[in-house]
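Chain lettering (A, B, C and D) follows the sequence in which the chains are written, and residue indices restart at 1 in each chain.
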Amino acid sequence: MDALLLQFLNGLDKGGAYALIALGLTLVFGTLGVVNFAHGALFMLGAFCAVTFNKILTLEKVVLDPEQKTAWGTPLEIRTPYVEAWLGDFGAFLLNYSVPVSIIVAIPVMLLIGVVMERGLIKYFYKRPHADQILVTFGLAIVIQEIIKHYYGANPIPQAAPEIVSGSADIGAWFGLAGTIVYPWWRLVFFGFSVVVIGAVFAFLQFTTYGMVVRAGMRDSETVGLLGINIQKRFTVVFGLAAVVAGLAGVMYTPILPPDYHMGMDFLVLSFVVVVVGGMGSLPGAVLAGFMLGILQSFASMNEIKSIFPGIDQIIIYLVAVIILLTMPRGLMGREGVMEE
Amino acid sequence: MSKIALTRRNLLKAGAASGVALAAPMSFVRGAYAEEFCNMPTGSTVTLGFNVPQSGPYADEGADELRAYQLAVKHLNGEGDGGMLNTFSSKALKGNGILGKKVEYVTGDTQTKSDAARASAKRMIEKDGAIMITGGSSSGVAVAVQGLCQENGIIFMAGLTHSNDTTGKDKKRFGFRHFFNAYMSGQALGPILAEQLGKDRTAYHLTADYTWGWTQEESIKNATENLGWNTANAVRTPLGAGDFSQYLTPVLNSGADVLILNHYGKDMVNSLTQAVQFGMREKQVNGKNFEIVVPLFSRLMAQGAGENIKGILGTTNWNWSLQDDASQAFVKSFGQEYGFPPSQAAQTCYVQTLLYADACERAGAFTPPQVIEALEGFEFDGMGNGPTLYRAADHQCFKDVLVVKGNENPTSQFDLLEVVKIVPRDQVTYDPAIFGGELGPADVKKC
Amino acid sequence: MVANAVLHVADVHKNFGGLRALSDVDLRVDEGETHAIIGPNGAGKSTLLNVCVGRIKPDKGHVVFDGEVLDSHTPYQINQLGVSRVFQTPEIFPDLSLLDNVMIPAFASRDGAFRLRPFRKLRLEGDVRAEAEKNLEDVGLAALKDTEAGSLSRGDKRRLELAMCLIQKPKLLLLDEPTAGMSRHDTNRTVDLLKTIKQRGMTKVIIEHDMHVVFSLADRISVLAQGRIIASGKPEEIKGNPVVQEAYLGGAH
Amino acid sequence: MTKLLDREPVALVVFSAVILLMPLWLTPLGANYPDLLQKFAIFAIFAMGFNILFGLTGYLSFGHAAFLGVGSYAAVWSFKLFTMNVLPAIAFGILFSGVFAFLIGYVSLRRSGIYFSILTLAFAQMCYNLAYSVLTPITNGETGLQLTLQDPRIIDRMFGPAGAGLPSTNFFGLPMSGYPGFYFCAVMLIICFFISRRIFKSPLGLTLLGIKSNQNRMNYTGFNTRPYTQTAFVISGMFAGLAGSLLAVTDPLAGAERMQWTASGEVVLMTILGGAGTLIGPMLGAWLIKYFENIFSAFNDATLEQTFSFLPEPLANAAVAISGLFVGEGWHLTLGVLFMLIVIFLPGGIMEGWRRLVRWIGGGGGGKAKTESAAVAQPAE
């Protein structure tokens, strides 16, 4: 029983990540009609916002000490972090909370990246065939990746969660069953965070004119133009929003998955599957599919199930996708006519 | 002139080939240039092919391998401080290239994919005239390229490859491995595990679901079970799973008190990070501290795992903190050249290049069968791993194996591993028959 | 009279989620006849056509075409039986040349719903090509035969679609507002064209708002309002029918 | 000129000449060596086949690499079990991938648009993941399926005992490595070009284009579109299977990563890059990508230094530093930039560039034939 509960928690956690990435992808799909293969790269850039913020915090003053030598005979470098030297305890505090604090940095940065991407490139592709969109965004994704690789290398770069949430929560104890369900705090934080972000996105779309544009645009982009709204500006903001959501997912995921330049590509295919299983043009569908696939993936990895169906954990997501798409023609909550041509 | 330019030989080939295209049988393509064996060096230079991952997850490791190769070429050509040439027990190399011919090299990207690696190696053989191929950062790639080299009669000096298969069931006459393997990891690690963690332990394996993972799981399982450990479960995880939480939670309540991660590269960094996150380092099971073991370690991976690696036991082929003369000499020349110490991948690649060059010198020729003969059963020292034997039966090097653990108090950003014990060569030597396989013939082949 | 009813829509009901689109619709179209369906917007005219081509399955009732009950027929099967349709918004092949647009339907009527001859050369299909060119000429688009269809004006697209249907020589041609969006001149040309088709004896059902077109083409007229046929008869009967005038003509004109 | 090329014999002769003379005209580009030439021919077949599906019907399969992989495995198994002769291997490769394509197509073609893409992607990823792990007895997993000395090779054994080493693939005695291997692949490519050209210029091709342009209209025009798309899917799957078996013919090894989504994505990129729906565009796209992968990745600092050694030293250093970003380990960057440049400036791929060039040479603007991109999603009535 507790094993099942733990797997459920794992599934929620994974689902949170899938849903966050898929949300932005489906926004861009549904509203702007663009197949964005660079969306994974946005997720990765978010993670590297956290890395960069941490790097800046840990910038070190390097002093060469000619007295001591390294193993290869050069003078030893004595390194002292600037932040701690200048800010003392506050510096140490910042360093400890570098991942959550970097959200503050990531939001404007990702918004800027999103806006620049949309203004500089994507907007010229609204009316182009999907094939062209795939080619240009894939090319862009490669370029972004290679730039990150050039500066940060290919090796993963570990990011620590704040100490206060680095341990595990004894969830069982809350129900009088101490020691049975122990789960890392940071993963709980991540799940909560994803719920909050998803809620915020929905609220934003529900209560602002942007939301109206998005919801109407997902239905019929021509009519929205007739409403006399500056649709270009709204589109830009929607793309920026998608970038921010992907970026925030990237930031918060770093303590779970040490980021490297290729992580976007690793998530890309999966997020496409999530979006399509959810149904094209449906935001709730994407969220639902994200959590559903996350949870199913967790359960499929249990030894009891693997012993009956060897290798099921490797293909479960794709298997579920096939079954759903064959029984429900437009995924869980898709609408007719979106990306079906 | 770059390699792209027209060379007379390529033109000849092309001319002959297109002639063939229009009329005659293919046989005289081969006659267009006569040589004794594939890519026999005829000019004043000899070309080596360095085939390393430059993109994909092992790109950093590949970059380090390439640095080592370039350093080796320098030393072979008599530039720089000579590095391990000064400590190597064989004194055949004189710093004037190989057999008097200046060493040149070509590089390629394996992308850590068999197909791409073979394509790259073929380019080196067919276009660039490489006489030896070396490199690689995964066993799948090593086995694939080794097979190709066997077919083409080109010597392959494997880089980082840890699977038993490379010199086991997939061994080849033209393939040689200096790096240690999973079986040796198990033999070396087993006794230390028993010593440090006790004999009454229950292990839980998480294994990357492909050939290398399986051979390592098997080797470690055998070694630990022989010492009296139990195995609670051995679970296969998909390559590149990213999030391993669904495989980690069952460990907590399985009754196991040791988690063995048969992962490498990114998988290992992720699974270890997440295992620590799940509180496995602080856990108590059966009144004992829960422990994590990573049988194959590298410094680059340790860097990726950060804090989490501290105190974790594993094995490694070589580490720059070794104090013998050879290691020191290598670290010195590498560090002076690039500003940081070499990784184990760099060391094995550097040594392989030197060993090949030395074998040519001792054989007095580049002819592959003679070089193979010179390498088979070659006993040497002064390369950083103590006295080493290139066993003739399977072309595997037998040398000391390092058992290491993540450094608790690193003095620098590179000082991540602490050597726990140097396990002597006798303890890890095994009977070549246990893995089967056949080396195949050492025929001279023409391109 | 029953014997030569080409199309018989028998007691068809259709609801869309509580909204009644068609109720008790009974319609006979005789061979060679041009039957116009008129009615205010939202009366269910297009739904009726959709039922006829198998796009929508009726909740109750049947469509009988040429003696065959079309309960389980898919659109392509109905077309193969001899029903072609011109849509309200032109359904053409926008990426292909006009000639190709017209040749494709010709293959469908010649070769059936599926026939695999991957190596037959298009170049050798001279008959089909000639026929397609003739049909383009009939609708006045011969000069544009190599143009991409998507770049045509809306009126030209309609005429192209008409040519695509005519080349199939259907037993029954369904036209959903064939002159909507056309200039007066183009409308007249289309009417003339449809008149010549009539002489060939092709049965037609036409939905049209333009009363000039309706009265110059139709042999009989049915008036649809709120999903029901409220009147059916010869043009002069309909013109004088007070119910119709109240429900439709009075308001519109 | 263009008119002349429209005639079948002329087109075939010109095409054959270009392909067979590749060793000659690729020499100045540094791409004249057997392996790359073979890859050029093989991936041209792959992309050409993909184009029959995507270019004609508009169905974007994101799982075509699965058929490539199946073709390779089938061919290697034929080498292992029966004979080293390449003909049975190719036959098996085409047959098995055809059957696979039939099954996967039968299921996937029930959906269209992106739903179809994801279905094919899902099937291919399942094939890849299983081949990499649990199906190792059949696929030899990570290492890839290889020949061994213990293989039965029953047909070959009937004619003589096994030699000491591994046998090589042959075409009735002619070994299939090196240049002979290339010419074999080249002949296959020419045959494929012929088939593909015939399909393009047949009523079937026109029908498929109709499906791409407006599937709805096709239904109301009396076409049962499913068998047509199914046919296109199977044909293109068989092309992929042929390409896969040729990979095994020139190099008897089949690896699971041939089926990964990146491999499927690669053929999509090749096709779009060259020009989807054009006869030879996808082939050009394949050549471009393979050229970059094999030649640009091979540059290293030493070769760059040689290249720029004619410059004064500071300039040479700068040139090496800058160009070093784009070659060697940076070859992916060049590829990414190239994708973007081509799609931004040449919508319609390389073939569009060619057309513009022809038009430009042909004198002045292209007149009013300029094609508006008609990609606006069709309204769902």
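We take it that a residue touches a chain if its C-beta (ideal position, glycine included) is under 8 Å from a C-beta of that chain, and two chains touch if they have at least 3 such contacts.
Fair warning: this is a prediction, and the values are worked out from it, not measured in the lab.
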{"item": "Mutual neighbours - chains that touch subunit B and subunit D alike", "value": "A"}
{"item": "Farthest chain (mean CA position) relative to subunit C", "value": "B"}
{"item": "Subunit A-subunit D separation of Cα centroids, rounded to whole Å", "value": "33"}
{"item": "Rounded Å distance between subunit B and subunit C, as computed from the means of their C-alpha atoms", "value": "73"}
{"item": "Intercentroid distance (Cα basis), subunit B paired with subunit A, Å", "value": "35"}
{"item": "Intercentroid distance (Cα basis), subunit D paired with subunit C, Å", "value": "45"}
{"item": "Residues of subunit D whose C-beta touches two or more other chains", "value": "129, 132-134, 332, 379"}
{"item": "Per-residue multi-chain contacts in subunit B, two or more chains", "value": "55, 59, 63, 209, 236, 238"}
{"item": "For subunit C, residues contacting two or more additional chains", "value": "none"}
{"item": "Touching pairs among all chains present in the structure", "value": "A-B, A-D, B-D, C-D"}
{"item": "Residue ranges of subunit C touching subunit D (in the complex, touch as defined)", "value": "53, 74-76, 79-80, 84-85, 87-89, 91-96, 100, 103-105, 107-109, 111-114, 116-123, 125, 148, 150-151, 164, 168"}
{"item": "Subunit A to subunit D touching residues, read off their complex", "value": "33, 35, 121, 124, 127-132, 134-136, 138-143, 145-147, 150, 265, 269, 272-273, 276-277, 280, 310-311, 314-315, 318-319, 321-322, 325-326, 329-331, 336-337, 339-341"}
{"item": "Residues of subunit D touching subunit B in the complex", "value": "20-21, 23-24, 26-30, 32-36, 39, 129, 132-134, 136, 140-144, 146, 149, 164-166, 168, 174, 177-180, 183, 247, 251, 253, 255, 257-258, 293-295, 297-300, 302-303, 306-307, 328-329, 331-332"}
{"item": "In the complex with subunit A, residue positions of subunit D that touch it", "value": "54, 58, 60, 107, 110-115, 117-119, 121-123, 125-126, 129-130, 132-135, 215, 261-262, 265, 268-269, 272-273, 276, 325, 330, 332-333, 335-340, 342-344, 347, 373, 375-380"}
{"item": "Contacting residues of subunit B [partner subunit A, same complex]", "value": "55-60, 63, 209, 233, 235-238, 240, 242-243, 245-247, 249-250, 252-253, 266, 269-270, 273-274, 277-279, 282, 300, 303-308, 320-321, 328, 331-336, 339, 341, 412"}
